[in-house]
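Got some structures for you, see below.
One chain, chain A, links the two complexes that follow: it is found with chain B in the first and with chain C in the second.
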Partner chain A sequence: MSVPTGLHPSPRARPGLRLDLAAAIVLFAALVVASLLVGVGDLGGAGGLQLLVVSRVPRTLAAILTGAGLAIAGLVMQTLAKNRFVEPMTAGTGQAAGLGILAMTILAPGASIALKSLAATVAAFAGTALFLALVRRLPPTQPFLVPLFAIVYGGVVGAVTTAVAWETDLLQYLDIWTNGEFSAVMQGRYELLWVNAAIVAAAWWVADRLTILSLGRDTAVGLGLNYAVMLQAGLAIVALVAGVTVATVGAIPFVGLVVPALVARRYGEDVRAVLPIIAAGGAGLVLACDLLARVVRFPYELPVGTVLAVVGAAVFLAVIFARPRQT
Partner chain B sequence: MKFPLSILAGSVVALALGTAAASATDIETATGAVEIDRTPKTIAVYDIAALDTINALGVTVAGVPDRLFLPELQPLARTAEVVGTIFEPDLEALNALAPDLVVVGGRSARQASETARVAQTIDMTIDGTELLDETLARIETYGILFGKEDRAETLAATLDEDIAEARAAVEGKGDALIIMTNGPKISVYGPGTRFGWLHSELGIPPAVDDLGAGIHGDAVSFEFVASANPDWLIVVDRAAAIGSGEQNARATLDNVLVRGTKAWSEGHVIYLPAADFYIAAGGADATGRILKAITEGFTAGK
Partner chain C sequence: MPDALADTAPGTPKVAPNAAPADRGPLLRAHRRRARLALAGLALAALVAAAISMTIGLRGNIAFALELRAVRLAALVQVAVAIAVSTVVFQTVTGNRILTPSIMGMDSLYLLVQSVLVLALGAAGFSALPAGLTFAGEAALMALLAAALFLPILRQRGDVVLMLLAGVVLGALFRGLSSLVARLIDPNTFAIVQSVSFADFNTVDERLLLPCILLTLAGTALIWRSRHVLDIMALGADDAVGLGVDWRRTAVGLVLVVGVLVAVSTALVGPVAFLGLLVVALAERLAGTTRHAVLLPAAALTGVVLLVGGQTVLAHVFGNALTLGIVIEFAGGLLFLVLLLSSRLR
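What follows is the complex of A and B.
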């Protein structure tokens, strides 16, 4: 429907949206109910209510908060890099967050999850800032160089992390820590993820400025935007989501890539209009994949990161090969 | 006087070499019977379990990996040369050491083809399901190989005693679930896994019958532990085993769902010596310590 550049009329004007929205709400509600019902424990027993409160509700919320946060981080990162094919977890942000956790583990082994998240966020901020500074030097006429560069950059940061972990005998430990998984989520062990909710709200607050930011530096400055401040704000959003998520549940790939790309393709580039759809889409995708992770090897768990890598890769290929519809 | 002495010394060495060469023998390894010259003098060992047993026999080891994991093996760091890690042998250092025999096993078994380029290498890997039998067999084999038959017999007798005590202690005490904690996450190990010998050889009934046999265990949620509701929890802290000093197993397990199990509410939670169990199981002393921990845990818990 839309050409992926410039400003668009509000998607509210489009007739298909209301139907889409209704279908999405029904689907999302079904996923939430399923997530509350699926698990190893027996809800019908005496401790059923307790199980719901300490295990199922936290897990469902954790998946929703993670998905929404990662999708919004992906949207912001794509806006900053002006390219639809980058996302935090494959472009060095997630790897840098892992490096932060590793550094904290080596320097202060007993540090709390909150401290590790802080270290992960700081490292993610630095890693993402360097990525964006380097991406700016790529020729703008070659958009596919950006995702290629992102993969190489993510690989290099990941390799540094691996090397440090290898030297300190923490390789498998780091692997297990940072492989995205909700199996350990329960009451008292996921609450830090509420930071993601605050970040989605913050992104909503600066949505119009993000839209202007996506027009490029010159246009943005011409329209009166404080470009440097917005760039830092965008970086902070991406880094905080990556830091908190990697430290709490691990790295989860593809959400930040496929959700914003798909939603933008269908509903346009106006950040304020698409932001709720992207947040809900990310939440739904992660929730659905976590359900699969719980069911495929029941009663054992698969890492949701593995499920998403498979599902996400399939969706991403579909996105690449499908022709964008033109009006 | 010097001249005759050195001739004498030379002839003693020749005699010793002659004896050694004459007593080439077949010994049982993980990859089958291997013919080997008896009593090799310079030995490099890349497996912590093998190192534990060989050290317990009183044999001097010349080459060891950079990390020894067990505090009991730390003295070796002062006397032996470091010849790489258990995952990556330093072939130059190994070559400089010029060993007669290299022992690999478990995590280092894959390096056998590399180290075999430097010296004869035997793979002494010990499997998980018949660990105690294999531990005893290895003690005997090393005894013959290094000419320490008497010491080997004593070690085997001690271990037999520990095994008998552990079997008696667990008898009729109910079922157990083996859990490994990985920082905040947990996985469980059933009868077919590398920790399965606790079930198959000591006779502790598994709390969940149809557990998978994945070598790294199966990742589970805390709901799984709550619903398995075992009489005993046998816990190994992976982070502690590899010495990372991370979040401890108790903190990971101390939550509403685990607290509700029979095991937790009755204090039936046994924390095994992590490095002995995860890194060095099959070593004579390490296995003894594991068995003692089992005996003590099950006896104290009644």
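What follows is the complex of A and C.
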């Protein structure tokens, strides 16, 4: 029987990869242009250029960086948990990051966003490490048990965070970090997100080692991989993306889940080959949902996190029910 | 037969309700005695909790305070009964002690029904309708939707984990949709929807009390009358059909009632995801049986003790420092994780 977690090379890996990539680039460029053009302000007016530089370009970049980072973090998390159906924002990482920011806000109310991101990252690292340690005790024969466990684990961590926020009268602040949106993004308010770009590059650098990591501990050690170090590195990647993203724009669910799952289904599991597609796919998904969030009730906006909660959950349901049934 | 029983009640004494051979008589009697003791103990604890919640720290205008407390007590008891009964029935129909209506996303469905109604009628239209009438409509709509949505999922009873995951994600989808709908309506209306989407045991809508009492009574009476049928349903669809129960029709009827009871509890206090799981798991251990004639009242009484007692303790010992909703969320979530880890699903 094949490993039911789905982390094995697909026989029909990479069909027409280049053609798809070209189509994706065209679509992506169209999204970027649309994102730059859509908005209440008039670009043709006197302050048009300034509007572009101060608001539209940062917002578009923020969506791209967030999406790419979250998708890659999802990919790495799935490698670490050896399961296709987990992702940081629904599995306790995002909630732990929120707890970290909350703690920082209580202890040092005036802390800079970089310091808050650091606290979020540390908390996210601890929360995710605990999650992985618990998940290892689940039976490997039940692929859906891990995401179920993940979602409830996220709920419990979220309940602790809510209790602390309630106690300290910070519920409204918590709402900012638990529902991601780009409406406040402007020049000077998003630059920390470039950390996500560095993370994507780092993931690219260790891509082959991640592929080996997904084969399991014994095989990985047999192939000469320093398993413990790679595990810590993977955890650091997931925690950094979650920490920076939650502190800057808030949690955005399901991106890290649906993008790697859909890409792996079509292109297989070779991390180096699929990593650019996953990064671009995540960026495109968040950009598209942010656009949707901006036009649905123009001139008002919806939070992109709310849009993705709907889109992502629907796609997730389709993914789990479209899987070939195990016998 | 033993397999079917193990499927419904893992880890409990496997004594078939009405089929005890002669040599198991003493064992059966011991079980019955234990069940009676547990019920009596729970009833006493519930009464004590209710009495304390009515009388503790009374001062000032006593008549006014008593009336206020009586309203809240009535609401809490109703919620406890509705959640306990609906969870027991849902678990029996799905054949697993880990599924509850709210884990499967039913109270999120009620929130969605509510916000769509507000969107369709507008804030003014929604408030203009009599609260009881609107609620009755919502409950009916909720029951129909629950049956239509969850019965297809319930047919997958073989793969419990897939069912659970589908339910959890479905719940997330409903919550996402209702907050999307809430964002589409104007800010004042948004506040109406927002106020029902958090569990709150302190403020109870008095206008809903009467229709909720009627619905809870009717639903509980229906379930109580089918308690022996439920014992048979617990054996699984095939055995139940073999014993002459029209499984599908009975399941549809039961899920309709569950939908109404979920609407009652969600309307009164908001969504409480893990309360049902907590209550029934505790009741089953205390009573030591899965016979519905014992389990149903035991679960209802456990619910009353937990809600009324918990509310009183939080209000008077911890000075309202924590809300009961968050505490239950945390404890119930932990219990759920422990159940998953301790291989109860295999």
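Going forward, the second predicted complex is superposed on the first by the 306 of 327 C-alpha atoms of A that agree within 3 Å, B and C clash if a C-alpha of one lies under 4 Å from a C-alpha of the other, contacts with A are read in each partner's own complex, and residues count from 1 in each chain.
In the analysis below, a residue touches a chain if its C-beta (ideal position, glycine included) is under 8 Å from a C-beta of that chain, and two chains touch if they have at least 3 such contacts.
In this text the structure is predicted, and so the values were computed from the model without any measurement.
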Side-by-side fit of chain B and chain C on chain A, or clash: clash
First (chain B), second (chain C), both or neither touched by A:Tyr153: second
Partner chain in contact with A:Trp205 - chain B first, chain C second, else both or neither: neither
Which of chain B and chain C A:Ala314 touches, first, second, both or neither: second
Partner chain in contact with A:Leu138 - chain B first, chain C second, else both or neither: second
Footprint overlap on chain A, where chain B in one structure and chain C in the other make contact: 297, 302-303
Partner chain A, residues of chain C touching it in the complex: 159, 161-162, 164-166, 168-170, 172-173, 175-177, 179-180, 183-184, 273, 321-323, 326-327, 329-330, 333-334, 336-337, 340-341, 343, 345-346
Complex contact set, residues of chain A against chain B: 39-42, 47, 50-51, 54-55, 105, 109-110, 113, 169-170, 172-173, 176-177, 181, 183-184, 186-189, 294, 297, 299-303
In the complex with chain A, residue positions of chain B that touch it: 67, 182-186, 212, 218-224, 226-227, 238-239, 242-247, 252, 255-257, 260
Chain A - residues contacting chain C, complex: 85, 90, 134, 137-139, 142, 144-145, 147-149, 151-153, 155-156, 159-160, 162-163, 166-167, 253, 296-297, 302-303, 306-307, 309-310, 313-314, 316-317, 320-321
